[in-house]
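For reference, chains read A, B, C and D in written order, and residue numbers begin at 1 within each chain.
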Amino acid sequence: MISLRNVGKAFPNGVVALRDVDLEISKGEFAFLVGPSGAGKSTLLRLLFREDVPTTGVVSVNGHDVGRMRRRQIPFLRRQIGVVFQDFRLLPQRTVTENIAFALRVVEVHPKEIKRRVAQVLDLVGLPDRAGALPGQLSGGEQQRVALARAMVGRPLVLLADEPTGNLDPVNAAEMMKTLLEINRLGTTVVMATHAAHLVDRARQRVVAMVDGQIRRDELAASYSEGVVE
Amino acid sequence: MRLRTWSFCLSEANQNLLRNPVLAIASITTTAVSLLVLGMFLLLTANVNQITSNIENQVAVRAFFKQSTKTAQEQSALAEVRKWPKVRSAKIITRQEALRQLKSEFGDQASVLNSLGTANPLEDSLSVTAKSPADVAPLAKSLGNLTGVVKVSYQSQVVTRLFSLINAIRIVGLGIGILLLLGALLVINNAIRLGIVSRRREIAIMRLVGATESLVHWPFILEGLILGLIGSVLAAVIAWWGYAALYTGAAHSLPFVPLVTPIPTARDVAVLIVVLGVLLGAVGFRLSVRRLARV
Amino acid sequence: MRLRTWSFCLSEANQNLLRNPVLAIASITTTAVSLLVLGMFLLLTANVNQITSNIENQVAVRAFFKQSTKTAQEQSALAEVRKWPKVRSAKIITRQEALRQLKSEFGDQASVLNSLGTANPLEDSLSVTAKSPADVAPLAKSLGNLTGVVKVSYQSQVVTRLFSLINAIRIVGLGIGILLLLGALLVINNAIRLGIVSRRREIAIMRLVGATESLVHWPFILEGLILGLIGSVLAAVIAWWGYAALYTGAAHSLPFVPLVTPIPTARDVAVLIVVLGVLLGAVGFRLSVRRLARV
Amino acid sequence: MISLRNVGKAFPNGVVALRDVDLEISKGEFAFLVGPSGAGKSTLLRLLFREDVPTTGVVSVNGHDVGRMRRRQIPFLRRQIGVVFQDFRLLPQRTVTENIAFALRVVEVHPKEIKRRVAQVLDLVGLPDRAGALPGQLSGGEQQRVALARAMVGRPLVLLADEPTGNLDPVNAAEMMKTLLEINRLGTTVVMATHAAHLVDRARQRVVAMVDGQIRRDELAASYSEGVVE
């Protein structure tokens, strides 16, 4: 489903965020992306939905060469990928409902169907009573949950989650983790960049650990820190 | 695009307008003002043209023939003059006609001429109107060189000054007109660009959740058209209504100002304003699409 | 504020301008276009005024006295007429002067009058100029009621039409002028408001880290002044330079168009444009301060 | 230093974020503010630096009635309070250095002094090499550290930190925690809203736990969850 080969990313200002990254994630897999601040996790995710292009190497998602894809193709790639952004990226002048519905409106789903599915995901993230609020009227954690709701409402093939529990209390974080694992169980490939060691340790899924733009460790059913045995 | 997509774009455009009232009002007012000024300018021009075209037709260069000149010779001179490029019209005024004209021109003072009795001291002449006031002087010179012509005269200082005025208005006016059109385009284009810049973040997010370029573009196009339409209709209504009021007022207080009638002129200008507004909106958008793609 | 704060605000204003080139260019161009149009309009008005004031002085109403009227009676009529509010000037033209004028007016055709010999069929008359073309008709009526006056005449159709033209220009022109000034103010005000709206977030953050209101306001004021200054200087340079070029061009190709000289008129207009630009920037800002406080 | 008496906050849309909150924090104290997402932690912090006003009750900071303070006084209050916002709020068009320096420029510190102190705090948060970058060119965790640097560069009387470790890996989070405790040791009153249970448990400081806009628990040298004894 996702494959990176020899991927490097250097920014115009000289910062090298990724160095020679090789990574394969199969359809239906769940992978944690861990590593210190600035390791290149978000940069790697950004390459997958073509928010940025690699400087070297080939990134492919669902068989498409994402880095060399034609401009016109990009929207169709993105519709197959749900993203929970580290900084949420909600439309500030639209309500929670509108923000979530937007992901369905761009694919021209029928309004009735949109209504049904938005209500469903809002329920899932525990925010049915904040449906009419604007993002600015939500707490940090609530915004984060809306971002997750938007990412999954389109039933994407791939779900990318960048630090999706950073603003959540332990109870809500565990809930969100459960939701992500459930989505994965239903067939969606999930890649989650996170610093939440306890969530990683408890989930016992594949862990890809990055340091300084390189992959240091890639283990199945692993924990956050190297060599920790449960 | 499907119908649902169209209605989506339209409702997007609508919501954007309602959510950014400052930008919307700014665009509408600047469009309206630009077009209104352009419209007023066109109306002014129409009036100047009506008055000047009346007067222009009256300015003639008169070339007087020797009293001995034969009619045939005069006719061949007329035929030649009519071929000159600077000539709008030419005709022969016989000495009999000239005296009649003179008498009628004198009007109240015609009694002065009664002492002439049946004698007629005037000459036959060729009366030529030029295509433009600038042609009058060279035309007079050329007429002086015709065989049989002894004297050339053309009209008084007042008329010359009038043409100075008309020319000044036309030259400066053309400049103002072009500038106004460019200005309106600039203002509308700026409004659209500012709209794009101030919604940069939103556009980026829309793209990130899979909106196609046309879904990103069309709300802007429609928004531009709506703004252009509102602004230009506003300008058109004010221009038409204002001109009609001016016309009525002028007819009462200044009966000797023969303004151009509101219909068809002001109506046509109003229609032109609306067409221009929508057109400018579309052109303004075209110029901004690259900017939008770069956002 | 301290000097350091001033330099802080100025560098803020500068950086904002450089970071938002779209907004800066939009403001400058709209300001420049608005003011340029206003300037061109002022120059047009100056030229129309120069030409019309020349002609206006020449329009006279003539009231002819009975041939039997005594000089004393004529003088008392003159004294009375001079007191009328609509009268600009009044003088008596004797029948001898009138004949001399008539002969000189006829010019080439003066020979017609030779047959009169020494006889003078003309009357003494009162020549009165009105303060405004609109006063001409009522003035003529009043003059007709004076004792001893047998007949009143005033000038021909061409002149009447000329005044129609001048009046139309002045009425519509006044409207355009006011509209242009309002338009310029609107455009500048809009640019400032858009600047504030598009920097909403930044302003909020500045306040949150302890910036005082003056530290938030002053960069905007200075920015407005800088933009107004650049825009208006641009407009002033184009207006002055363009008018000088037009003047030179007109002097060559249209020698009989007596345009107003660039100095002092175009120079004064240029100075006025700059003053207005800075003033409009300041006023535009004043109108936006409440908006800024609400952000 | 900080005192809330009978404080309530209801938003215009009817949401009640705080109910009858009483809280006293003395000068030099360190307090954790914990509780589930939407409990009202950020709202409480916002009242302290007058980003918002209470609907009822009195909020006072350093002896000033913050809710009824005159508009002109607000900047001077804010200069005594450093804030790490949950959503960072960095000026997007200014570099890291400029963002941090801004907090000093508004108080008219001498440029040389500004330079010295900015370099010092950048060193402290471990970002001396990103000084010239714009916020958009930083990773989430890097932005969070810049926000902390800006909050403390003015040497405020009070430091408010809203979820300051949400985007940081465990190592960096522990570093930031150490920095905050160090700042507190030097005399600054610190209030930190957080979901990082392990950081709270390890620090053994005062814990104020909120649920649904009310204070449920307020203990010294406590842990994140109620009744947990080390």
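In the analysis below, contacts are C-beta pairs under 8 Å (C-beta built on N, C-alpha and C of every residue); 3 or more make two chains touch, one makes a residue touch a chain.
Here the structure is a predicted model, which is why all the values come from computation and not from measurement.
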*In the chain contact graph, what is the shortest path length, in steps, from subunit A to subunit C?*
2
*Note down the smallest number of touching-chain steps it takes to go from subunit B to subunit D.*
2
*Would you mind pulling out the distance in Å between where the CA atoms of subunit A average out and where those of subunit D do?*
28
_Rounded Å distance, subunit B centre to subunit C centre (Cα mean)_ = 20
*If you average the Cα atoms of subunit C and of subunit D to get two centres, how far apart are those centres in Å?*
62
*asked:* Can you work out the whole-Å distance between the CA centroids of subunit A and subunit B?
replied: 62
*Make each chain a node and each touching pair an edge, then name the shape: line, ring, star, complete, other.*
ring
*asked:* Taking the top-of-page definition of touch, could you list the pairs of chains it picks out?
replied: A-B, A-D, B-C, C-D
_subunit D contact footprint on subunit A (complex, rising order)_ = 11, 13, 15, 34-39, 41-43, 86-87, 132-133, 137, 139-142, 145, 162-163, 166-173, 195, 197-198, 224
*Which residues of subunit B touch subunit C in the complex?*
20, 22-23, 25-26, 29-30, 33-34, 36-37, 40-41, 43-44, 47-48, 51-52, 54-55, 58, 64, 102, 107-109, 111-113, 115-116, 119, 121-122, 133-134, 137, 151, 153, 158-165, 167-169, 171-173, 175-176, 179-180, 182-183, 186-187, 190, 193-194, 197-198, 242, 246, 250, 253-254, 256-259, 291
*Please name which positions on subunit A make contact with subunit B in the complex.*
49, 51, 71-72, 74-76, 78-79, 83, 85, 89-93, 102-103, 105-108, 150, 154
*Residues of subunit B touching subunit A in their complex?*
2, 4-5, 8, 19, 201-202, 204-213, 215
